Every structure is written in C-alpha cells, then in structure tokens.
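What follows is a structure written as structure tokens; I'll ask about it next.
Chain naming follows the written order as A, B, C, D and E, and within any one chain the residues start at number 1.
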C-alpha cells in the first residue's frame, strides 16, 4: 500500500499540473454555472440593451491602451477617456484600442455613441456570459470569443471573454483581465516584426483571433496530459476516486466544447463576409484559421470519445477486480467447507463409530483430506481461477 | 447514519427549492401527459377548427387589459367585450390587448371575426397542447410559445401556453393564468422607461418573447441547482432513491426540451420574415433573442449529457459499494474458515491422536492460528482489499 | 407477497387496457413481420405492376360506398361495379368512393382503366406492406398511410393500410376493413355539419387524413399508459418479467414509428405541391396537420427515450436488489463465522486447556461473543449496510 | 439438462435454416474480409485501370447469352466472342448480353474497345470488391450492385457482384456465377409475359434491378427468422452461446447494410438522371424501386435496433440468473450458519455449562433452532427471495 | 494453463504482425499527441506564416529528385538547389520535383519565392501536424494528406505527412521520409508502363494520391487482422489484458480515422474544381478515387462498430465467468453447510440425546446425509447450475 501511494506521489511530482487540473473542473463548474444563471435571472424584467456589467470584477483598474501604426510609424498611448481617441479616428493609420477591465461602463457608453455601435453590442460586451458570436453590419464587425486559459497559479483552466469591434481603420478589443496574451502582438507592432505593420486592421483582428485559437490548443494539451495520466492510472490501479475524475473531466470537456465550438462558425462567417472590412489578402489567413478551428473541434470530439472509453475501461476493471475477489473467496471456501464437514463427523459422540477403533484412522483421514484439497486445487487451476 | 441524514437535512434547508423540484417531475409528468392525450382523443371526430377550450381552467375570471400608447400618451383600460376595442383599432398608436384566462371562448370568436383570424389559429390558442409554432400571413403573425415557470408555492416547474397575434398597430397576447410575468413590461410602458414607447408593436412582441426566454434561463437554473445537489449526493453517499431522482430529472429535461426547443425555429423565422410586420430596426433585437435561444438549447443538451453522466457514475458507485461489501465478506470468511477447520480437527474423538498428548499442543495451535491470520491479512493488504 | 400481488391486481383492474397492450407487442410483431416478408418473397419473379392482393382477408364482403355532395345536395349509394360511378364522374359535385375490403381486385382494375391510374399505384393499394408514401401526377394524387388502431376486443394495437386517390372532383379511399373511423365524416357530410359541404375534394382528403393522424395520438396515449404503469412497477417492485415487457414495448415503438414517421413527409409534400389539386384555402389546414405530425413524431421519440431510461432504471434496480441480498449474507456470515470459530476452540479435546478449569469461563465466553456481535453490528450500521 | 437440449433439437429441426445462418456470419466475414483486403493490397503499385480479375473463380466456364427482342420477335443465342454481337448492335431491337463468369478478361477488353467503355469501368466490373455505385456518361450508364443471396446448400448468406452497362438499345449484365436469378426475366421475354417486350432497354434494366432488390427482402427475412428464434431463446433459456450469436448477427447486419445501403443512392440518381437513356415512362417504376430501397434500409436499421435490444435483454437475463443463484446461497447460508454456531456451543467441553444438566435441554434446543429457521424463512419470503 | 499459453504462442507466431500492432497504439498515441501539442504551443506568439520546421527529423539528408517526361523522353536528376530547376520550368514537359526530408527550410523558401507560393502553404508543409486539406488558387493547387504506413521493422502503424503542389506542368511532392512508396510510379514513368507518360501533371497527382489511398486499405487490413484475432481470443478465453487491447484498438481507430477522414473531402473538392489545372480526362479517375475514399471511411466506421461490439462481448464474457464461479461456490456451500450442521448436532455433549443410544444411528445419519446431498445435486441439475 505504501508502495503504490509512493509511486502515485512520484507521478504527481513529475506531472504536477494535471493533478490540479482534475480538481479544476469542479471549481470551474461551480464558478461558471451560478455566474451564468444569476446574471440572466437578475436581468429578467430589465429593458433589452441595458448597459450594466454583470461579470465578476477581475481587475482593480481599467486600462485602455491605444496603439496607432502604419508601415512607417508606430505610437502607443495609455488613455483615460474617449476624447483622447478623437485625433486618431479619421487618420488612415490603423488604430487599436485595447480595453482591459469591463466594470467601468461609462467609457463603453461613450464609444457606443461616438462610433454608432448598437446598444445590444455593448450589452453583449459587458455580459460575460454571451455565447461566442459574430455580428456583421455595414460599418463594423462585432465578434465575441471565449479565451480558455491555463492559470498557472491556481493551476486550473479558466474561461474569459474577449470581444472585438472592427472598423475600417480601427479595432477595439475588450477583455476582462490584463491582456498579457496580446502582448506578443504589441511587441511585434512596435518591434516591426513580421508583416503586421504593412497590413490593415483586419489583419490585426486575424492575428488576435489566431492567438485566442492557439490558446485552445494549449488548453487541450493540458486536458490530454490528464487523460494520459488517468489512462495509466485506471489500467494499472483502479480505485474509487478515478470515476469522479473521469466524470469531472467529461464535464470539463463539455464546458470547453461549448466555449470553443462556435469559433468555427465565427471564422467561417468572416470568410464568407462580403463587406469591404476584410481585405482579400487576409482571406488565406482566415482560411488557415478556419482549418485550425476544425482541428480543435475534432480534437475535442476525440478527447470526449477517449474519455468515454476510459469510463468503460474503468467499469470493466472494477468488474475484473470483483471477479478476482470472488475467486479467492470461492477457492478458500470450497476447499475448507468439505474438510470442515469431515472433521465434524469424527467430532460426533456416537458410541459405535467403527472408524474410531481403527488405529490408523486419524492418519488415513489426513490423507483423505490432503488428497481432496489437491484434487480441488487442480480443478481450480484447470478453470484458471488463480 | 444520524450523521449523514443530519447533513442531508442541512443541505435541504440551505437549498430548499431543488429538493422539491425533484418531487416535481413526477407531478409534472402526471399532470401533463394525461392532459395532452385526453384532449386529442376527445377531439377525434370533431370538425377541424372547432373553437373549444380543452385545457384546465386555471383562473376564475377572464381578465382583458387594453394598453394603448405612443411616444407621448399612454392609457390602460380593463375591458369586457370586443366592442370596446373598436375605438383603438384604426389609430396609429400601438394597442396591446392582453387576455388572461382562456375558458370564455366567445370573446375569442369575436376577435376572430373582427380581425379575420383563421379559425385554426383560434383553435391553437385554446388547445393548450399546441406545439410552439409561428404562422405568418399577410395581415398578422401568430406565435405560440410555452412558458416554463417555477411555481414558488407548490415548488414545482409548470408549463403554460402563451400566444401572440401581431398586427400592424396591435398585439394580442393570450395566457392561461394571470400574466404577472408581463407586468414589468406594462410598468415600463406606463413609466416611460426604456425605448419601448418610441417603438411599434413588433418591438412590444420582441419584449414579451424576451421575457418568456429569460424565464427559460431561470427554469434551467433550477434544474442546474438540482443537478449539482444530486452530483454531490451521488458521489458522497449513493443510495437507492437517487436513481429514481436521476430518472425523473431526465424525463423533466425531456419535457422542458420539448417545450423550449421550437422557440429557436420561431425566432429564426421571425428574422427571415419579409412581411412589413417586423421593422428593420427590430431585427438586431431578434438576432440577439435568437442567440439566447441557441444558448438555452445548448444548455439543455449539456444538462442532458451531465445527467446521463450522473446515471453512469451512480451505477459505478453502486458497483463500488458492492465490491466493498464483497471484500469484507471475503476477508472475514477466508480468515475464519481455515481456522474453524483446524479447531474442528482437534474436536475429533479419535483415541490415538498423537498431538493430544503433547502438553504444549494447545498453545502451539494458537500460535499456528495467529500466524495464519497474520499471513492472510498481509496478503489482503497487498491485494488492497481494505 | 400476497400484499404486493394484491395491489398489482388492483392496478390491473383500474387500468385494464395497458396490461393487454403489453401482450400485444409480441402478437403484433409475430403478425406483422412474417406477413411482410412472405408477400415480398412470393413476388420475386412476378412482373412489376401485377395486381394481386397480398394481404390478409380481413372482411368477408367488399363494400363500396359512393357519396356525392355539394353545398346544397348530398346523396349516398352503395354500389357494386365501376359502371355505377359513371354518372358522377363529370359533375362538379364532390364524389367520394370509399372502398372497404381489398381482395376483389376486378373493381380496382376497372377503376385503374377508367381513371388512367398507373398500374404501380394499384399494386401499392393491394400490397398492404407498402411504405406510407405520396405520388403526385398531373391528374391525380396518390397517398398511402398506415392506421394504427386500438382493437378494443383483442385489446391490441393493429396497423391497417389506407390509400387515397384524389382527383379534381373525386376522392377514392381504400381500406382493408370496415371504415368505421371515417363514419364521423360521413355523418358530418350528410348532417351538413362544419364547412365540409362548402369545400372541395381536397378538403375531404384533409379531413380523412386528419382522422388518421388523430388516431396516432390515441395509439400513443395507450403506449403512454403502459409506460406509466411499467414505470411504477419497475420502481416499486422490480421483477423478471418487466425486462421482457420493456423490450417488447421498445419493439412496439419501433413498429409504430415506422408506420407513422413517413406521414410527416407526406403532409409536407402535399403543402409544397404546386398542382391545382390542392386549393390554396386548404393549405392552412394542411400546415396545421403538419404540426400535428411533427408533434406525433416528437412524442414517439420522447417515449423511446423514456423507455430506454426505464431499461436503465430496471437494470439499476436489479443491481440494487442484488446488493441488498449480498449485504444480508455478509452481515450474517461475518457475525457468525468468527463466533463458530470460537465455540469450535472449546470443542477441542486437548487435556490441558487452562480456560476449561476456570469456573466462570463459559459465561465469560458468552460475554465475549455478545460483545463481538455488538461491535460488528455497530460497524455494519456505520457502513450503512442495513 | 437432457430435456432442454432435446427441446433445442426440436426447434432446430423445425426451423433448420436459421441455425445455419448463425454459423454463416463467421464464414461470411472470413470469406469477405481477407478477399477484400488482399485484392487491394496486391494492387498497390499497379497502374489504375488495369484489367485483371481479382475475385474468386466461382464458375468453370464463362457463359454469354445474347437475347434480342422487340414487341414482335425474340431470339436467344449463346455466343463466344464479341464479333458475334456485331449484327445486333445497330438494330432498333433491344439487345441483352448477359455475361456469367468474370475470369476471362479478353471478352471484356473487346467490349471495352468496341463500345468505348472507360477502362476504369472494366476494372470495377472485375474487381468484385467495388462499392455499389453508378456512373453516368453521355453514351452509357454503368451500375454496380451487390446481390445478397441465400445459398440453400451451404445454408449461408452470400454476396455476389452484378454490374450493368446500359446503352440506348443494349444492356450488358455481368455476374460472377450462373445468373439463375435473372431466369424469370428471360422467361418473361421469350414467353411474352408482361409488358417487358413492349419497352426498351431501360425497362429491362429496371426489371433486373427490381429482382436484385427483391432478393434483399428475402435475405432480411432470413435474418428476421433468426432474430425471432434468438429472441425466444434468450428470454426462455439464456446461455453462453447466445451472446456470440447476437454478436455475429450484428456483424452480419453490418456486412449486409454495407452491401445494400448504397442501392438507395443509385436508384435515386437514376431517377434524377437527365440523359435520354432512361425513358420518362420508366420513371414511375424507378420511383417504386426507390421506395423499396428505403423500405429495405429502414428494415435493416430496425433489425439493428432490435438486435441491440436483444443484447441488452441477454445481459439483463444473465444478471437475473446470477441474482437467483445468489439468493439460494444466501438463504441456505444464513439459515444454517447461525444453527451451526448454536450446535457448536453445546459441543464445547466446559465442565460447568448449566444447560447440560437440564434434562429437556436437547429437545428445547431443537425447538429454538426450528423456530429460528421458520422466522428466517418468513423474513426471506417477505423479501421475496424465493 | 501451460496449454493455453502454448496455444497463444502458436497464434502469435503465425500472425506475428497483429500482436505488435496492438502494442503500437500506445506508442502511436504517445508519439503523436505530445508532438502535435508541443508544436502548436511553441508557436503561440510567432507571427503567422513563419517558415520553421516543427516535426521530427526523420532522415539525415534531404533528397530532391527531379523527373521530367513527356510521351517521348524522360529524364531523372538528383538536384541540390532551386536554380537547377530553372531550365525545366517553362517547358511543356511534365516536371515532378520530389522533396524528401523537410528540415532544410531554405530550399522551400526559394521555391516559395520562385513559384509565388503563399507563405501559409509553406508553413503547412513544414508543420507536420497540419490537418489534411486542399487549397485551390488560380496558379496552383495545394494538397496535404496523411500517409498511414505499416513499419515492418518496428511492426507498428506510423503516420507521415505528404504535401503536393500542382502547377500546370509541374508537381512538387514533399514527404518527411524516403518516399519509397512513390517508387513504383517513378518506375512506371521511366519504364514507360501504363498511360502515365501520355498524360499531364494532374494525372501524376492522381497516381500519387491513389497510392496514398491504397496504403489506407493496407493499414485497415492490419487493423482487421487484429480485430479477428481479438475476436477469437475474447470468445474463447477472456482475460484481463484484452480490455486494454480493445481500448487501445479503439483509440488507434480514432487516430486513423482522423488522418484518413478528410481525404474524402479533398478528392471531392478536386472533382468539383473548375480551374484548368485538372483536365477533364482525369475526372473519371478522380471519381474512382472518391469511391475508394468512401469505401475506406465506411470500413473504418464498420471496424469501429465491430470493436464496440467486441467491448460488449468482452464484458458479457467476464460476467459469464463470474456466474460460473458463483455457481460452483453456491453448489459446494449449499451442500456442505447443512451437512456440517447435522454433524455438529451429534458433536454436542448433552447427556440425554436419545439418538446416541440407538446402535444404528451413526449409519442412519450417513444415509440421511447422502440422501440430502443427492436431493440437492438433483435440484442444482434441474436449475442447470452445472
């Protein structure tokens, strides 16, 4: 017993992450589900398009970063109010306003008024339970996606909402927390790496979406690690806690699938879109992104099937173990029950038992009993019971 | 045992609602299913379009409320007969006639004649078993939806039928019971809150449908609470009643799905509709509503999958428990059966048993028996049987 | 035992019908399946379009009723030969020829020649195994449907084939047995009830199809009653016969689904049909009928899912019961096996067993054994084994 | 035991065929699967369109029958070479060349050259593993179908490939073995039965395809017989061999489905085809054939569902039987284990056991033991354990 | 026991390959999954279109073979740099450049620049985790496929990526390892076998894709062999390792399906493509290839269903075995437990047991006990417990 626990500890030390992932699902579900519901419930009766933030406050302060660039120049400012955006709105340069933290709704309202964004779009940005979606109008394109991030501190998978509003020369991105994941793009812009500086706001949108999708691969990799670990555990050493783990893993996959699944449709609609917001030269990139989303969805389905298989193998292993226990019981019981009967006979107090008077009777009895045991053991061996 | 029940009680006090939900399904099914059938059966042979109320009489008195409003004015009357509607029919203001209680069919017949509504539409309004649907004609739009309401008194989920007839400047809404759920809208109209007063009857229809869909979220939240509770119960303390609960929960989800599922199609057809009954400016709101219906349907599917998972985990827990019982039996039996055999030997009455004459034989036997037991316990520990 | 059986009897007396339904499925399957096959087999090699009746002869004599009506007049005749139809063929009135009994094929052949009906249509009318279908030509419309009728004498569900040929002013209906189910329509025509007299042959077709579909609701209601009964039985008192019942119920649902499922497609094609055989004013009625067929199909699917759930709950109940048996065995065995060992010790005949000489040893032993039993019982209670 | 085997024998004698069908699946799979693979494997590297026969040689000699007919005349010849076809190619009469046996590829090559048939078509005719399919060109129509035949000698189901090439006035049919199944058509042509002589080559194609489809019904009937037999067996007398039979039946249904399924698509494409090879007057016949293929496919799906249900009922019966065994063990053990303990007590050798001195003690003990047994039996009866 | 192992060895010797396949899946999954993930993970943040090789280095040296041919001439060179291709680019002959080994990215970059290939295409060629796909532009056609090869040394199934770029007169093929599988094509070209020399680069593409698909058949054949072996094993001699094998086989099929499935879509799009890159005369070949891909996909689905069936039969066999064990235990225990009780009675030390004084009591007891055993054995025989 010590041995097994010991080897378990070793495994856990080597692959520390997955162990905590498995605790994650419960937290995840507990965190996500009530949040989703409460929001919607508390909104019953509110007029549609109400601009109220319904999510959790994840950051202290709202940070708004404005990046303006074209092939030659590139500037980055931290801004406070919508007025500061004014000088950049009508320039041909690409203007990227990245809003991080959603609980100050005034800024959003001003953007809504200035850029004539529909109130329902603003409501969707603030409602962190919005289903991933795309809205295409003549003037702008609105996209909601879910980030699935691995939190290395809490060691759990977390979902977070990101929204984009794409205009001809500007892009707004909204996220609940610090947008570290978009930092590589900011660096590529300021550092003039890649072709991003030579291209428009639509290519910027593609680059950000590409990063979101890349993180899906990373999240599924974490799930994969856990599946492999569980796989080994179940086959080598079935125990009761594994069924819970498999069950929670399945629920986690259900949550992830729901967050990720619609992204395929979103990219597909971006490609089909005939407005002039998406340049023709960006299309090959979007098609590539589309292939990635298909790949992701196939991976999720495959993981779900493997997890279902794990459940079946777990149940079968349980049943195997049961069989083993039964066999031991049966072997012991069927050998000793007849023997006990025999010794019981000669414990009887009848005065005229002829065997009693035979001097070698006791030893003969031992012979009979040993012979019987050997016969039975042979029978069980033949039946392959041990 | 006291302990567990005690903690159960505590859980039940904290989350009192779900406990009663679980009793609800049976009532729900018993209430719904015979009602559905009897209606249809009793109608065999009746000519189509017969205007007979086939539902349960849920309210004593039929209440008809007429609300007329435009951006400037707003009036509300309680009316008795169709004649009282006359002065409002040809005005440009929006007229909302909300009928609550369906067992007085005369009023409906008069409306049918006055507004040239097809007899089958009237039949559908009265038949509380109509499948949610939409009928689009040149003059009006007819929608049937199912409300899924949580009854806080009986603490069960109830379904109720709501129908809408939308004309250019009027909207009829029909419900079986008091339409409290539409009160917030009435207040918004009279209190001049939101943009509802600035918009037409189609926006009013959207607002009412939005409330119906919001209540779906609320109902699913109740189901979710129950799933979580069952989840904990099954994992911590499997017992026989849970399988019934899971089974009834699944059937409840089947009922809910059937009531809710078609709403997606209804909203989709409203968006596609090319008649002039729906203004272009209402379309973004309908698209938003459409996203909500998809969200709802996905949630139902997810809950169904989680419930199926619960069933599997329940069965596995049962089997685990069985294994545990078997292991205890096997350990006790396999230890004592050989020992009983041994003591049986020396209970035999053979005169010439050499061991009998050894003075330390009895104590040696104890040693042998204790040694054997320890060996066996070691073997069982190694097999991880306890 | 008496008690339970007794309550079963009470249930059976109250709901006598479903009990017999459950015996029905087997009969149904036995009746249907060989019939279907033999027909098709015996036809291998026959030229296509052979007009041979392949069904069972269900009535002694073929009855042909001709009803002619328009808004003013209405006549009904019993006819023998096709010649008698002649005077009615070219009149503007609606002529309904209802043929009951299919084994006299001459009449059918004459109709085929007179009304230029395709030989394959005639073959389909006679082959009572035809899949429900619709054939649309320029001159007539041909529909095959399956009636699912509850036979109150044999107390089983029976399927029967009905075919319709719709022309501009005439309708032929063919059924295997007495068409009592169409009698309400005949009464409505002669009694001038409803709008049927004001409308054409297409409305008559709709009315008859509506009755066929209404009987589907009735059949499913019977199935529903049985499901509810089984539901109660399985949960309260699992026994071996229920698994058979569930299995046969599932097969019955498979048979019913197959008979009913295509009707949705048939009605859908009737609505889409652009020939002038269906008046525009009949369309709302057909759309209503279409909704009913969807409703029916959804109900079947739901019943199938509930039945599958029943199977699972049955298996789980079986397994629960097994657990209970195992627990009793384990409790009894684990208490008495050690005790038997103890008394075995003092049944040994060693001369120098020190305990033997202690005067209070026997009573002390009783104390030890009672203490041990109490300890074990406490352990089992804690494990919640009883 | 003799009894049961005996009744099994009786069943087998009555329905001898199905018993052998059940042995068939294994043979079928063994025959089909390696054949399929080897062919494909051995072809890796061969240029596409290689005209090599890859199937099994099923007949000694290739037989080629040429039948030429129109409404007036009809001739039938046995031919050896393609040259003999020459005089018939340009006549308006229908020419049917029926080739039986595929291992002489020269004839096929000559046909390919003469009638400009694509080499891939010739390859497909010879590759007896071709998936059923249809190829439509301007000049000819190429169809591959699978026959599923019941071999009455070996008593197994066999698949065989049939191919058709339809031109304007000619039809080639290719089969692996003697085409007895097409003999009725030959007789109808020579005997001037039915309308076949009045119609073109497309009607001839329809007639042959109709026969192929009719044999599907026959094959499924054989499967049905087996399902019914297994059904009875499983419910009445579950034993170990049945699970194998169910498993093989399922695999057989998989094989059959794969052979039959594509035929629906083939007929559907024939109907949609707009080339002039298919006359308009043949279309109703093809639609009828299409309905048959749907019927067949539905039957297969139904049989698959019933077979899955059989599997479940088998497993449940096994588990029932297990329960029964357990109950007997538990009843016997729980009654006798306490009694054995009691008699053990009075086998102890303590000198001062007060009960020993009571004269009626032995008889009282019997009373106690009998009372205990009765109590326990009552308890078990109440629990319905026997 | 020796016997069984012995026969297992014999089986393994005869069919040595499958045994190793079964060990393959684990390796396969272990090899594939981390590779896939690491690549994608390490790419997060990299600008799209980065030309970095992310796969495993499978060959030491990159080999580039250039083959140029038309109907008359044919030359083959081994080249080092892109410049060497120059003389062949504008000739009407077909130029096939086959690149084997992907880790030297410079060559690829030069090809990209010279032939104006999109950077994302180059990225896809190097990323060996690309999902099989097709990209169609005006100038070239880009295809990625997965080879599923049986490695005869390691005796496992391996996947490998092949990419094709098709221009009007040239074809580039890229593979990770030595392209032996394309050697037959090279031989056919140089040896002037088949019609390949008479046709264009599109026919060459078809030929290569045909070989890739042919290898799918071969891989599935290997899977089939394993299924058959497992099938026999499970039915004849269920043991614990088989469940693992079935589970891994299922996961292997999931991996294979994912590699093979998209090939159907690729060929379908090739056929639909309206660019002039694919000649009309090649279309019949592509349609044939399309049929093969459908065939392959159907085979995979069938194998998956059979494997699922195997799982069920395995579980049922386990449960059968359990039953057998239980029966033996029950028979032995229920016969000897009552007998042990009886002998216990006469081991009691009551002074006044009347039976003790009867001289024939001992022998009578033997009679009673033998009678009881025979009765019980008869009862068990009747219940068919052995």
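As a convention for this text, contacts are C-beta pairs under 8 Å (C-beta built on N, C-alpha and C of every residue); 3 or more make two chains touch, one makes a residue touch a chain.
As the structure is a computational prediction, the values presented were derived from the model and not from experiment.
> Which chains end up grouped together through touches if chain C is skipped?
Remove chain C in thought and everything remains one piece.
> When the centre of a chain is set as the mean of its C-alpha atoms, what distance in Å lies between chain B and chain C?
27
> Can you compute the centre-to-centre distance for chain B and chain D, using the mean CA position of each chain? Integer Å is fine.
The mean C-alpha positions of chain B and chain D differ by 44 Å.
> For chain A, what residues touch not just one other chain but two or more?
Chain A, residues with two or more chain partners: 319, 322, 326, 329, 333, 337, 340, 344, 347-349.
> Which of line, ring, star, complete and other names the graph you get from chains that touch?
Ring.
> Beginning at chain D, go round the ring through chain E first and name each chain as you reach it.
D, E, A, B, C
> Any idea which chain A residues touch chain E in the complex?
184, 188, 193-196, 206-207, 210-211, 214-215, 217-218, 220-221, 224, 228, 235, 284-285, 287-288, 291, 294-295, 298, 302, 305-306, 309-310, 312-313, 316-317, 319-320, 322-323, 326-327, 329-330, 333-334, 337-338, 340-341, 344-345, 347-353, 381, 383-385
> Give every residue of chain D touching chain E within the complex, in rising order.
Residue list for chain D touching chain E: 1, 4, 29-30, 33, 37, 40-41, 43-45, 47-49, 118, 120, 123-124, 130-131, 133, 135, 240, 243-244, 247, 250-251, 254, 258, 311, 314-315, 318-319, 321-322, 324-326, 328-329, 332-333, 336-337, 339-340, 343-344, 346-349, 356, 359, 361-362, 365.
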